[in-house]
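Have a look at the structure that comes next, please.
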Amino acid sequence: MANFGGHAIPGSFFLLLGFWLTVKYVLQHYWRTNQPKGRQITPPFFKKMEYFEGGFQIFAAFVGIMVEQFVVDGPHAHLFNKDGNPWVKLMNWQHSTMYLFFGIAGIALVASNVSKLVPAGVDRLTISLALFVEGFLFYFHVHNRPHLDAHIHSLLLAAVFCGSASAMLEVFIRDNIILEMLRGGLFILQGSWFYQIGFVLYPPSGKQWDLEEHSNVMFVTMCFCWHIAVALLLVTCTFSLVWFTVKRFSARGRDIEIGMRNTSSKSNSQKALLEESDEE
Amino acid sequence: MANFGGHAIPGSFFLLLGFWLTVKYVLQHYWRTNQPKGRQITPPFFKKMEYFEGGFQIFAAFVGIMVEQFVVDGPHAHLFNKDGNPWVKLMNWQHSTMYLFFGIAGIALVASNVSKLVPAGVDRLTISLALFVEGFLFYFHVHNRPHLDAHIHSLLLAAVFCGSASAMLEVFIRDNIILEMLRGGLFILQGSWFYQIGFVLYPPSGKQWDLEEHSNVMFVTMCFCWHIAVALLLVTCTFSLVWFTVKRFSARGRDIEIGMRNTSSKSNSQKALLEESDEE
Amino acid sequence: MANFGGHAIPGSFFLLLGFWLTVKYVLQHYWRTNQPKGRQITPPFFKKMEYFEGGFQIFAAFVGIMVEQFVVDGPHAHLFNKDGNPWVKLMNWQHSTMYLFFGIAGIALVASNVSKLVPAGVDRLTISLALFVEGFLFYFHVHNRPHLDAHIHSLLLAAVFCGSASAMLEVFIRDNIILEMLRGGLFILQGSWFYQIGFVLYPPSGKQWDLEEHSNVMFVTMCFCWHIAVALLLVTCTFSLVWFTVKRFSARGRDIEIGMRNTSSKSNSQKALLEESDEE
Amino acid sequence: MANFGGHAIPGSFFLLLGFWLTVKYVLQHYWRTNQPKGRQITPPFFKKMEYFEGGFQIFAAFVGIMVEQFVVDGPHAHLFNKDGNPWVKLMNWQHSTMYLFFGIAGIALVASNVSKLVPAGVDRLTISLALFVEGFLFYFHVHNRPHLDAHIHSLLLAAVFCGSASAMLEVFIRDNIILEMLRGGLFILQGSWFYQIGFVLYPPSGKQWDLEEHSNVMFVTMCFCWHIAVALLLVTCTFSLVWFTVKRFSARGRDIEIGMRNTSSKSNSQKALLEESDEE
């Protein structure tokens, strides 16, 4: 991971996840506010989104673990050997561990949609746990690095732990649009900050930053605040865009629900209806 | 900002904001407690107050950013140059960043009154964020200063972060008069403490304080508690004064609501009534 | 305060306050659980208890401030003089500040019983603030002391800050018997720990403790846990004792309410009834 | 305790407690979700489980204290002697103190089932306190040890304090299956981590770990995350196993309640029915 690409890949992943969550929760919020009070049946379209999200998380985590393990200079699933150095490629093992927990969060998301047995909130708990583990491992990762390097990673930790706390709150306060947007925004912030770390530590232009210069530390701190402002702006724009797009479509198709049902293919509509009637 | 005036200006701003918030929330509390249960329509007068508050915040933030950027020895919107020193006037850029977030809070306040689309609580979230960013930037600001200087600024941080936490709580616990008064009081405390910092670090009398003397640190800690007591007293007095003034006026005009409607000019009363019927 | 008596006086005060709070809240809890659902009128007896408590707090705080200021070697209300040492008897001023906030808490308690204007929870907020200020001043107090001295005071801070947090929670979660007992128990713990500090730092037997010995620090830590267990035991015993006493009396007098009314003298029963009808 | 067995015994105890809690809360959750809304009577079977749990805790705590005190090289209930070393076997005393608080939690659990006088939530408060005291004493325990030793114990503290916080939350948020599973899982994590500490510090294979090697610290951190994943897996499996077992049995015996009643012996069924009618 010690290059620009190694920070751009997780950055892109988190940006994508952040936008996905924002769009998903805006759609759900639109649905909730436009629903007559008596009916609380979520359309199968939302379930499909969550299956897709969970499935993608599981797939990405699996690929991530495989790549980290079986890349040319990877550990190839060996944890220790009999030679001098006791542990083989601990960095790759740590990244695999982080991916594992995002995979677990994906499994929990799928499971909580498949079965009503899974208590509501388990998906939030596991994503909170995945972020916690990510931050926890990063925290001991950062040790003994140059000043700017340690500082820029500890700012990442701020985003990670806030995301974890926000997801944990959602276990108890459900369907709160502000918390949902906050979580989406914190993923976007995390993603954009991964890119920033890449640009600072491995500048594609080639001009190295002075990692011990105090003014660089001060600039990076301020830059983090700008990323917060940009994440806020992006969430707001996404919210407005999705809201007004759905409003126009739902007005044209007369009913958002009908519009959404049509997107689900005819073939499994029978099954979807059955599932729907299982919902509480 | 390294002079008395540079601390008196934000101090006055926060004092003003603190008193404004206290008055606004006492009026709203009076309204809530004197309202018959069935009716929950807020009069247009409160909306006007919030428009004014938001507009003023946006205006002040804009002026603040312009002044910080285009003052004689400011950065003039240049972030870096090709010479030895990589960053131009980082201090001015940091202050601009702080103002930016207070401007965003102003925009959120106006937006949440203009449109019902904006989820309730976004205004509290953005003011909480603005305070958090202020504290966050100050925290790294303070580094490497003399003992008393660092201590007096870290006491400011206590007020700033408590204010941020209190505003964040208001996202979830709305219309709680104690939290609202607490937020007002913490702004007053912050404002009066800015003045205190000015008096200690840049005494107008000219007699310098010994910045490394331990007893000065102890005195300043105790002085902070006195500021808390004064802020408590000021909030209590403002509460009582506003309450009894409104009570007398409302008794004379027979109905507070009618009294307030009269303050809104006739010309836009038609529009106000339409807005009012949009309220939930 | 640098002697055994100087720790025994606040210790006795906090022990007394802790037992008083425990008894008061057990009585209120008994009342709540034995009340038919429709009636929520608190009897004037409880109001009297709170007047007495608030009045005593104000009186004790006033006496405390006077003693600290006008004791023979006190500051006599002088904060600074023109000589070498800038601040006069800062320790006495700090203790006066602590008393001031307990006085404010007393005023808030009386005020919230006198007038319905005072929002519910202000009394808890001010007691929380008083504990916070006590802990805040102690925190900077402890600096630069021998190891055991610093440690034994920081254990006191644990009790103080937990009490502050518990009282702050009560602002939002009212009439929760567990939180009320917790607050009472934490005051008892604080009181008994003050005595322990006195016994360790100024042993009446005269045999000095070694303030740098590590095993002494370890013993004191464990001893704090024993004080927690004793505080738990005392709260439990007080709870049971008060509960069964009240139960027996209320059974004999057939109705606890009638029993309590009789304790309020006939002369002000007319006024009490008027107050009662003002209750919500 | 400075050997493998000294870590395996508490480890086994916490693993057992964790599984017990998971099973108990799954059964209660099954009961709650399969109960018609009007009836909220818990069957006597659950009370029996809690009596057993509380009784076992009291018994284990008593045995633990006795063993720590009267083992061959123990303090034999002497706290200090007149010789040079002031305190006798502080380590044994500290362990006794920890056991004492788990004993208190057991007493509270039994008491809250015996009498309705005990406020709901006292059992959670005392278990939270027991975990807090355990963490609190461990925290000062760890001081002045080699790097890996201190680190591996501070990871234990993470599990202990999370468990304490989770139990404290349960005082206010009752019957939340996620919190209950979390508590069970954290006990399992604590138990398995005790075993891990034993394997690292006192390896049964005899090959010592290098306690200052940085890569060992990094591996142990990652290993803690694996233990979290395993605890999650174990809780999930236990949940599913218990749920489907109960479902099958309840389907066969037509009614889970009847099935459970039969497990309670005939002899005390009369008493149980009386107790049941006392329930609220």
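The first chain written gets the first letter, and so on, giving A, B, C and D; residue counts start at 1 in each chain.
Everything below uses one rule, namely that a residue touches a chain if its C-beta (ideal position, glycine included) is under 8 Å from a C-beta of that chain, and two chains touch if they have at least 3 such contacts.
What you see is a predicted model; the values in this text were computed from it and never measured.
Trainee: Applying the touch definition from the top, give me the chains sitting in contact with each of subunit A and subunit B.
Mentor: Chains in contact with subunit A as well as subunit B: not a single one.
Trainee: For subunit B and subunit D, which third chains touch each of them?
Mentor: Looking at subunit D and subunit B together, the chains touching each of them are A, C.
Trainee: From the centre of subunit D, which chain's CA centre is farthest?
Mentor: The most remote chain is B.
Trainee: For the two copies subunit C and subunit D, what rotation in degrees overlays their C-alpha atoms? Round to the nearest 5.
Mentor: Going from subunit C to subunit D via C-alpha fit gives 90 degrees.
Trainee: At the place where copies subunit B and subunit C touch, is the share of residue numbers found on both sides over half (same) or under half (different)?
Mentor: Here the answer is different, because the shared fraction of interface numbers falls below one half.
Trainee: Averaged over CA atoms, how far is the centre of subunit A from the centre of subunit D? Could you give it in whole Å?
Mentor: Comparing mean C-alpha positions, subunit D is 33 Å from subunit A.
Trainee: How big is the gap, in whole Å, between where the Cα atoms of subunit A centre and where those of subunit C centre?
Mentor: 47
Trainee: What positions in subunit D touch 2 or more of the other chains?
Mentor: Touching at least two other chains: none.
Trainee: So which chains end up touching which?
Mentor: Applying the touch rule to all chain pairs gives A-B, A-D, B-C, C-D.
Trainee: Please give the residue numbers of subunit B that touch subunit A in the complex, ascending.
Mentor: Answer in residue numbers: 85-87, 90, 93-94, 97, 100-101, 104, 117, 119, 121-122, 125-126, 129, 133, 136-137, 140, 144, 171-172.
Trainee: Please name which positions on subunit A make contact with subunit B in the complex.
Mentor: Within the complex, subunit A contacts subunit B at residues 29, 173, 176-178, 181-182, 210, 213-219, 221-222, 225-226, 228-229, 232, 240, 243.
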